[in-house]
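First chain A sits with chain B, and in the next complex the same chain sits with chain C.
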Partner chain A sequence: MDEARIARRGVGPRLWLAGGWLLLALLAAIFAPLIAPQDPLAQDLMLERLPPFWLDGTEPGYWLGTDSLGRDLLSRLIFGGRIAFIVAFAAALAACLVGSALGLIAGYFGGWADRIISRVVDIWMAFPPVLFAILLVAVLGTGLSSVIIAIAVIDWTRFCRVIRAEAMGQSRMDYVENARIAGYGRIGIMLREVLPNVVPSIVALLSLEMGIAVIVEAILSFVNLSISTDDPTWGGIIAEGRLSIHQAWWVLVFPLITLILTVLSFSQFGEALKARFDPVLR
Partner chain B sequence: MSAACLDIRSLSAVLPNGQRVLRSVSLSVQPGEVRALVGESGAGKTMIGKAVLGVLPSSVRIVEGDMLLEGEDLGQLQPKARRTLIGARTALIPQDPLTALNPSRRIGPQMTDRLVRILGWSGERADKRIRQLLDEVQIRDPERVLKSYPHELSGGMRQRVLIAAAFAAEPRLIVADEPTTALDVTVQKQILRLIAQLQRDHGTAILFVTHDLGVVAKISQKVSVLYAGKVVEEADTADLFAAPQHPYTRALMAATPRYTDPLASLKPVDEAVLAGLAAEIATADQAWRQRHG
Partner chain C sequence: MLLQRFLIRLLTMAITLFGVAVVVFVVIRVAPGDPIAMMLPPGATDADIARLRALYGLDKTIVQQFFIWLSGVVRGDFGTSISLRQDVLGLVFNRLPATLELATVALVMAVAIGGTAAILGARERGTAVEAGIDIASGTALSIPDFLWGLVLILLFGVLIPVFDISGRVSPQLDLPFITQFYLVESMLRLRFDLTWDLLKHMLMPAVALALPLAAIIAQLLKQSLKEVLDLDYVVLARVKGFSETQVILREALKNAALPTLTLVGVQFTFLIGGTVIVERLFSYEGLGNMAIDAVINRDLPLIQGIVLVFALLFVLINLAVDMMYALLNPRLRHG
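For the complex of A and B:
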């Protein structure tokens, strides 16, 4: 009982800090047109490279300064969050569904199903992921859906491997054998007995994968392979900031901080959620 | 005489490498009777239990013999019918109560589920039945237990829950697979007494797998002594303890530790006895190979 309470206390701040940042970023992204102080695409060469608000020579309404075309950095980060979150949710969910389902089948049924699925995963993982992503987007053509498909196609193996191992471990437990003796069908046992025990891992992985999807999306937009160059993306802003690092460091630093905080929050949030979900750890 | 509750006739099973793990095992359990199955680890006791319940590992193959559950030949049934029959008429009290309950589901639904889904009872009836059984295994606060997750209960509590669950569906036969081995010594006794009590009250036949002759003496009416997958002696429990016939049985009894002088009383099984057993098994295997080519 005491141990449980200590564990819960340890979970608290992590869950709230990470969840808080994610909620803030998510709300900002959803209500971007209402919140963003400026039009993220409006250029004004009179206002180029304004520094953030605490430095000299700022202009009111441009909190984090402007880039080399005079576009408001804060507004661009907020709008960039939209793409980041759409990709994070859609791609991670798709990868999760495919990977977890195959992993569960491989782990629970074993035998031929396991052999086939595991070999496919092995072959899949032999491809370097980022190159694979770039290749996929090059083939599919740039665009939001291509990015989402590319990330899902690459990262389902992450779910598949972990969930397979977990399902395999659970399937050896006596309670699964007991369910067999009672006369439950195999698929029923897989879904009703085994699946609930791997859900905590699925949740943790899902959150982690969202962070990874945000990074991959940033990488793709960094190399200009994500969506159309007009829409602001975090990776795109970082790419631009890199060019003007000596004149305007903030154009590089703020999107980096945003990216790191978001990715870190996703992984921490996942871990904390797992601890909450797992009845044994709870 | 009515049909035996369980009748195993000359059951043989092999591993993929051709090694026999069960050697023409025959045994029967009459309705309402407790038969103990003793032997050292690796003798195939658990294997017999698993064979009866239809959960042998896929690597073990039954090559000969019949298993009759209340007169119905399990080998003749379609897999689905066999599952249904086994599910309705048998239950398992497992060895390790720590892994035998699903960790992510509360005890209550986990126990009622089987009655509702397999036997088609109403939720209300199942709930009433479960509470009655929890009372019989002397769980004093059923409300709390039903709402608990398995990890919130002690090992002894979990084994009580599993015993209650095993008896709940009124099976004809329960396979108890070393049900006290994983428990604390002080709890072992209580659990054993509970199983004996419920067995008498419900008139359930039990195939009781154990390596502990003390347990055999307390709970069973009949015994089969198993060595290397072969029944070497079978007798009424009282007769076995009064006059063990097979040298191996005598050696097993001599190897039981006594509280008064635990170290001196622990005698390993004699070399001559083991040699005799090896010869016995070799003869049996040879006869078997001749019959099967």
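For the complex of A and C:
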């Protein structure tokens, strides 16, 4: 009871802070062409490696400084957010749909369906995920849809494992038995009775998965395998910053802060949503 | 009982490995783009291409190629790397020790940091210390190893440059090693100057890999300790006059450790998976770094070999944890 109260009390500020950052970053990404102070692709060798605004030797309009090609860092971060959010939403949703459906089937029906699905999950768990992602993108060819497909193909197991366990627990509950006695079909029970009870977990996982997708996209663009090299991505900026770390630390620091805030927000948001949805905690 | 459990695990392990082999093989073969075309100079004739395709067995059907490759693997022949033109198994064994050393150092650090935090948190339960540990572990857990690596590079590679941020060992050093287990061998040879240099390179990638796992250990072990600390026999020890720290270390820890041990095993495979990108980040010459190069160079035999070795490592760790659990858990031991 105590823990429930603590969790409940903690929901407020966490949810607002995390949600606030995500909303800010999302709006900036959507309205990037209107907000970005500079063209994110414009190179100007006269303006290379300008420091952020509070240091000496800056130019007005280049708030966070420039990279080694004189491109404006803030504008690149804002435009990079577009790729990050598209990948986050699309990949997480795809992984969620596939994983939750298979997890629900495995957990509720058990038997052969469960054995086959669990065996596939075991095989998937024996792959190093980052290597698997890199391999898939290399095979599919770089591009936005490849990145989304690769993340979904790898991470559906996260949903499958959790939802399977929950559905298994739910299907042993009295209310499922009652529904069966009342004459509902098995698929009807699964969708109408079991599914709503695992939704809180799905929502929390979905938010967490969005954060993971953002990281995987950053890793892929860090090894130069994400989308075309022209469009700015957070991982691409990080790769650039890693190379010029001794000359221009800001090129690494700002995308890193952006990524950390985004990932933390997605996980906090998921936790808070789960606490709000959870009938036991509520 | 125990033997039966072991044999069943061995069988599922073989099925899993076979599945991994099939998945990797299929994924790689549907790749557009011809690895052979990339190997040849621009002026190569069609006959040259055909000869090379036959040499690497790429002119047969996928199913034939799979079984040719698999029968080789069973005999320990993983084929020849296309980009490096060397035996795949030799290349993998050359790099594997670097990754194993990194992962082991990271695991030891995770257990040390996480264990200390858990014991401290359980001793100071209900205070600001415990709340601080909860916040720290929550943060450490939410940020993945890739980002921790970058944070560490900035802090201790640039801001306070105390550690090296790239490579496994300083290139100017003369290495007397005959094995690839540099860290172990440097200590055995009492060349602690080399040990120090290796550690200076290894410390930051190891911490980046260790932090998320340390957070999980801190959370789970603290929870188990708190549950055990309310049990009668622990209360009795306290009545006998043992201090809280003594009670935790002597009485509570051994009974609270089992759930954590199981989890650490599973999480250790995630840690090893993380070496792929962390090695890349720190230009550490391990298996993961070589794997990324292999993918970029479309080096099919090398990719297959590396992925299979990683998978083997994962299932072996799971097997070891399962067996350890069965040995340590009294209910299973006498069951």
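Just so we're on the same page, the second predicted complex is superposed on the first by the 275 of 282 C-alpha atoms of A that agree within 3 Å, B and C clash if a C-alpha of one lies under 4 Å from a C-alpha of the other, contacts with A are read in each partner's own complex, and residues count from 1 in each chain.
We take it that a residue touches a chain if its C-beta (ideal position, glycine included) is under 8 Å from a C-beta of that chain, and two chains touch if they have at least 3 such contacts.
Because the structure is predicted, anything quoted here is derived from the model rather than measured.
Peer 1: When the two structures are superposed on chain A, do chain B and chain C clash or fit side by side?
Peer 2: Taken together on chain A, chain C would fit alongside chain B, as the superposition shows.
Peer 1: Between chain B and chain C, whom does A:165 touch in the aligned arrangement: first, second, both, or neither?
Peer 2: After superposing on A, A:165 lies clear of both chain B and chain C.
Peer 1: Between the C-alpha centres of chain B and chain C, what angle is subtended at chain A's, in steps of 10°?
Peer 2: Result: 90 degrees, to the nearest ten.
Peer 1: Look at A:36 in the shared chain and tell me whether it touches chain B only, chain C only, both, or neither; answer first, second, both or neither.
Peer 2: After superposition on chain A, A:36 lies in contact with neither partner.
Peer 1: In the three-chain superposition, say which chain, chain B or chain C, touches more residues of chain A.
Peer 2: The partner that reaches more residues of chain A in the superposed model: C.
Peer 1: Please work out whether A:180 is in contact with chain B alone, chain C alone, both, or neither, and reply first, second, both or neither.
Peer 2: In the superposed model, A:180 contacts chain B only, not chain C.
Peer 1: For A:215, select first, second, both or neither according to whether it touches chain B, chain C, the two together, or no partner.
Peer 2: Once the two structures are laid over each other on A, A:215 reaches chain C alone.
Peer 1: One more residue to check, A:138. First (chain B), second (chain C), both or neither?
Peer 2: Touch status of A:138: second partner only.
Peer 1: Once the structures are superposed on A, label A:123 by its partner contacts, choosing first (chain B), second (chain C), both or neither.
Peer 2: After superposition on chain A, A:123 lies in contact with chain C alone.
Peer 1: Chain B to chain C: minimum CA distance in the overlay, Å?
Peer 2: Nearest C-alpha pair, chain B versus chain C: 18 Å apart.
Peer 1: Please identify the positions on chain A that touch both chain B and chain C, taking each partner from its own complex.
Peer 2: Residues common to the chain A contacts of chain C and of chain B do not exist here, since the sets are disjoint.
Peer 1: What part of chain A is in contact with chain B in the complex they form?
Peer 2: Interface residues on the chain A side: 111, 173-175, 177-178, 180-184, 193, 196-197, 199, 278-280.
Peer 1: Report the residues of chain B in contact with chain A in the complex, numbered from low to high.
Peer 2: Residue list for chain B touching chain A: 53-55, 58, 83-84, 86-88, 90-92, 94-96, 99-105, 114, 117-118, 149, 151.
Peer 1: For a test of understanding, state which residues of chain A touch chain C in their complex under the given definition.
Peer 2: Counting only chain A, the residues touching chain C are 119-120, 122-123, 125-132, 134-136, 138-139, 141, 211-212, 215, 218-219, 222-223, 225, 238, 242, 245-246, 249, 252-253, 256, 259-260, 263-264, 267-268.
Peer 1: Where on chain C is chain A touching in the complex?
Peer 2: Going by the criterion above, the answer is residues 12, 15-17, 19-20, 23-24, 27-28, 30-33, 139, 142-144, 146-147, 150-151, 153-154, 157-158, 165, 269, 272-277, 280-281, 288, 291-292, 295-296, 298, 303, 306-307, 310-311, 314-315.
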